Amino acid sequence: MSSAVLTDSRWIARGTDRTSFSRFLGWLAPWFAVLALGVYAAFLCLYHGLNQTNMDNRFAFGLWIFLDLGIIALGAGAFFTGFLVYILKRAELRPILNTAVVVGFICYSGAVAILMIDVGQPLRAWFTFWHPNTHSMLTEVTFCISCYLLVLCLEYIPILLRNRQLRKLPSFLVFEHQLHNLVPVLAGIGTFLSFFHQGSLGGLYGVLRGRPFAFRHGFFIWPSTFFLFILSAIATGPSFLMLVTATVEKVTGKQLVPQDVFRRLGFISGILLGIYVAAKSIDTLIWLNFTSPAEGFAPWTYYIHKPFGTPVLFAEIVLFGLLPAFLLLYRKTAARRGWLLSAAALACIGVLMNRFVLTVQTLALPTLPFDDFLTYTPSWQEVASFGGVIAYGVIVYSLSYRYLPLFAQPNGEQ
Amino acid sequence: MSRNSIVFGFGLAVALFAGWVLFPRALYVNQHQPVEFRHKVHAEKSGITDCAQCHVFRDDGEFAGLPSNDFCAGCHSDRIGTSPAEAKLVDSYIKPGRETPWQVYSRQPANVWFSHSIHVRRAGLTCNQCHGNYGESDQVRLYQVNRISGYSRDVWGHSMSRLGRAPGDGMKMSDCEDCHHRRGIEVGCLGCHQ
Amino acid sequence: MSARYGMVIDLDRCTGCGACMMACASENNVPSLPQASACTGLTPMLVRKVSNGLQGSERHEAFIPILCMHCEQDTPCVHVCPQQAVEVDKATGIVMQMPQRCLGCRYCMTACPYHARYFNWWDPAWPKGMEKSLNPGVAPRMRGVVEKCNLCHARLHAAKEKAAAAGKREIDPADYIPACVEACATGAIQFGNLADPKDPIAQESQSPDAFRLLAKLGTQPKIYYKSKEAWVRALAEPNSGPNVEAKHV
Amino acid sequence: MKVTRRDLFVWGAGAAAGLVFTPVPWKLLDDVSIWSQNWPWIPQPPRGPIDFKQSFCALCPQGCGLKVKIAAGWPVGIAGVSTNPITRGVLCPLAFGAHQLNWHPRRVRGVQHKGVPSSWQDAGAAFAKACSEGPVVVIDGQPGRSASTILASFAEKHDGSYHVEMNSETRALVPYESWTGVSAFALGYDLENARTIVSFGAPLLDGWGIPGRFTRLWAERAAGMSDPQLRLIQIEDSLSRTASRAWKWINIRPGSESVLAAGLARALIEEKLVPAHGPMPDITVSDAAAQAGTTEAAIRDLVHTIAERPPVLAIANNHNPEIAALNVVLGAVGAHGGVVRRSKRTGKYIPAEAQIPNARAVLIDSSVLWDFAPESDAEIFRFAAWDGGSQKSDWLLPAPGFLEEVTDVPTAPTSAVETYAIAPQLSKPQFEVQSAAQFLVTIDPTLPTIENVIHSRCGYLLHQRRGTVYGPEVTAVAKFDSAQKLEAELSKASIWIGDPPSPGGLRCELKQWPTEIVSESPQNWASIWNAPVLPPLVTKLYRESTLREAPDRRTA
């Protein structure tokens, strides 16, 4: 056992002190349990088919799609911070950069994993690359997400290689250095890809002419949701980074990044959130007054089915949009860590709520006049695999935090 | 030359050999036809010149494919030659009234709908444009079946790289599509699938 | 010349017997699985019961056969499919679903406002030996793919082959009649070529009693309905008609 | 030289790089997808030549004409025969899945004695023994077939009795038997000439009678018309399929059909809408209205609507003398567009549910509905193609399934004309099956075989020189020069149709208004779906959709 600790400690970066190996294991154990259950549930779904879920012919999308859209939105912090640091040269955000990459990597790999369970014939998923339908938003999503996941891996590797032991291998060090010089380029590519798939994830529902609740007009081939998704994602990405970092600081009881980084992130988040709320409001008004009526659907009918009343719409835009934007920008509240973080939390809830409404409420609402309002509760298999992804995230992050210099200044540059 | 590059090259070579030589042998199972049928002999001895003499069309335009045993029995109801192959046909299939379990080289899966009537009668394709000049072959070749997909080797074709194939070598969907594109014939998915 | 196959369904004639659903399932080798429910079953042709929402002697009921509407204009399911498993056939106007290409993402199902697409939640299965009763013209699907009405494509194949055997290019319309149309006891379902002005249904579809479901979506469905009863015609558009008792199918 | 760990890394890198340039990854990717498109456990249809043949459905007495798609010798699809003038290409929903019945898990696959597998020899021996010890009762569900002749003559020869189970359509005609002296099996409805039909809960559009007959008439003369040529007035306690499609639906209290019929008759007479001879019900219009849950005014109103468009025909859903009497008052019995006589037949059958006092054995033909259980402790020999479960039968004997035997198809109940057809066998039996008639012939070789009876019937038809044969072409019987030719033509699933009924061929005397109580009894199976074994595909209609109520299984 002692030897284990010994070896373990030899992997931890010098100068950083980390909790004892046994405590660390104690922290990981429950997460591994959740992950195991998730993996089992996923196996059931792959082996027996999707009859393991509670989805049906009319509720053909469920918890998983919400999960995908949600975590990919939250993961946007990764590309956006990269964009800010490398493209817009906001050096002060550097300390957050590694965390951003890891979080992004977790979110995207998790989403892709879930997608592979969600499709009925994963063995044929590659057809999308061989026989792509260029008109489909989903094609755009598939291409961008898989490419961007690659980018994230490439961004993650240098961090990985900066591990104390791995650095000992000279060739790795060289490789790491090469990759590192590549990172700005990767950031550029990542930004480009992300813009598109964040957008096309929004487009996914925006193009559904047959679902007037989701259908939106837009510019060129992209419905307005395309741009709203990009906005909301980059607006809440930084907030989520704040939350993650703050949580880690709480758990470990260390201050990891200078306070002004938080304030900076909050400011960016606030600005963008403000713009998003404005855009979203205009879009909603256009949709209520023109788009939906033109398709023969009186907008009020969307809100007669509880629990999806107008309060939901209000909450989504005002309570979890306008309010956090204000809190993040107002000098007095922005100066207070507590306010800052709760505002960030509100913003994240807001974006999740937006994704939920778009994915779930859209399917629950009737289209034919003799349809009824549907309800759906995910099966334990769906929930478990959902939990599995979250556990996976926590585990990967914990390991990275313990063994990689997430918050230390990357060396090899000043 | 550095040791590294030698070792690397060695690995490369091993992979290439395994992939191009060993893998195809491992992927396909060889099966013998139940009877050593010889097209050439039938063409010469009984003066059969047209494939459709044995591979007939039914009245409704449906293509019968391989002739059934009562068709063969037209001549081979009893032994008329000395070949062991004929003996086997007569004794173990025709006399007991069992259909000969031929393996069909160009068998397509159940989800494919192919009409010989449309291609032969209307479009005027000749048999060997798709089946090669198999009619002149002197003996039946081995039937190779893919262990994973269960398809006949003829579907992928005999060249593993699918490069420089003879006509009729390869019956994948892309082969049908190529021919259709060359002739500018548009058919949707369900034009050929069912 | 390219056809535009479609239907005109006279709802005043539909007695809701369900023969069309049976004939469809039999023709297309649709399994009937013990686990399947009204939410997870496969019913490419589905007859739904609607009413004018009133009770007692005031109550009126009608039946609406729902199948793929074969939308002509920006067909919702076609442009969403990531790998071209769905397409509108140029020659026939039939919206084709290709299960062997489908990866089962179900995006097309969320796109279809008519809920006319169905997912194979289970592998198909039949009692022992019953596979001998399956229709050779249609390949059974496998679990994890979407299927829907392909307008009895096997029958179109047969008609094509018959024409080719006779050396003809065009099929004889009498040779291509979908199973549901053939099965309808009252002749409520009429099938034909909407592009041919001489075709009876081309005229029927223009009658004042004719309507299409959710026409305002602008997808130009090729399945028309007709009824002399105003409350039935009111079912064409959402919340424009009387309060219709919801039937989740 | 020594192989270092580094060498292994490099070698692996080389191999990995090399593999990319071989077919391995790409071909595997392709083949695995192809595998997923052809999973070996997905059942596949039979491969083989396709053929279309014609026959008739013998699952119920209506005998609808079938066009059967056959692949590699197996029926794979069912459709109607539009050239059949009686069934007109229409089938009930059940028929479209009927070809799957032969593989139904509940198929009777072998002889069973008290649930234990046994053999035909034992069954034969047991039955022969029973015959020698006492009278045998033979019960038939579809009288008039050649098989029925064999069943009846066996019962007769072995001083047993021959009973017949009637479906609800025939029961509705029973009251006329005593008033006209004509068997219910010789009576029918002249629907084609009626202009107003008053249905007392009869599911006219939902499996009543020959599916292709009334539904077609209704579709052509009534559907969607505000002033239809054929007025269908449905008197029923709920909005049934028929009621929802009817020209008028009269919503009444459950079980008040007879009372309302009496009320209508009285109102008709009081309003002088019918000649005042004939019996007069005692009940007053207002009482009838009260009991039926409607008003006197409404009834008087209704009788005017009814009388507006003669000929008028009232149809009961079951044995109901008062509704029959209403027809008498309306003058519909023996009239154009009313209740007509289609054949000379006079004899009455003993109903299946009649008491069986001292029977030693009861033989139940497979045409009898499964849920029929004779009230007798005699030894029961039940022939059945499908095991409905739970019914007591000492011997369960596997009968031919759907299209598995040659049988002839007699006139359907309610038909206005006589018909005769022969249903060819289109499917080879998978098990050792025997019909009751075949079984009896093995017991008593002096009996004629089904083939013989069919021969003689064709001979009789030819001898009569009446009627016409409808097949690919239409030929008068007189045109046939031999019984063989006629039989050959009929064996191609053509149908013989007798001459249309001559009006006034039926005299009816009714002294006073009947007061007999209505007997409740099972319905015909097409309409209420209570057959113990249905084609699996019907789950589409009640479980995979909400179109129908799940069939109520009498048998668990």
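Some points to look at:
Letters A, B, C and D mark the chains in the order given here, with residues in each chain numbered from 1 onward.
Simple rule for what comes next: a contact is a pair of C-beta atoms (placed from the backbone, for glycine too) under 8 Å apart; a residue touches a chain by one contact, two chains touch by 3 or more.
Note that the structure is predicted; figures quoted are calculated from it, not measured.
The pair with more inter-chain C-beta contacts, choosing from A-D and C-D, is C-D.
The distance from the centre of chain A to the centre of chain D, with each centre set as the mean of the Cα atoms, comes to 63 Å. Here the spacing of chain C and chain D, counted between their Cα centres, is 29 Å. If you average the CA atoms of chain A and of chain B, the two centres end up 52 Å from each other.
Centre-to-centre separation of chain B and chain C, using mean CA positions: 38 Å.
Within chain B, the positions touching two or more other chains are listed as 60, 62, 109-111.
For chain C, residues touching at least two other chains, in rising order: 37, 41, 48, 100-101, 123, 138-140, 142, 247-248. In chain D, the residues touching two or more other chains are 32, 35-37, 44-45, 50. Chain contacts in this assembly follow no simple pattern; the graph is neither a line, a ring, a star nor complete. On chain C, the positions that touch chain A within their shared complex are 35, 37, 39-41, 48, 50, 64, 66, 74, 76, 79-84, 101-107, 109-115, 117-123, 142-146, 213-219, 234-241, 244-248.
The touching residues of chain C, when paired with chain B in their complex, are 85, 87, 89-92, 94, 96, 98-101, 137-140, 150, 153-154, 157, 160-162, 164-167, 169. Contact residues on chain D toward chain C in their complex (touch as defined above): 36-37, 39, 41-48, 50, 69, 71-72, 74-80, 90-94, 96-97, 99-100, 102-105, 205-207, 211-212, 215-216, 218-219, 223-226, 239, 241-242, 244-245, 249, 251, 430, 535-541, 543-548. On chain C, the positions that touch chain D within their shared complex are 10, 12-13, 15-19, 21-23, 25-27, 29-30, 32, 36-38, 41-43, 46-49, 56-57, 59-63, 100, 123-136, 138-140, 142, 158, 179, 182-183, 185-188, 227-229, 247-249. Residues of chain A that touch chain D in their complex: 121, 123-124, 126-127.
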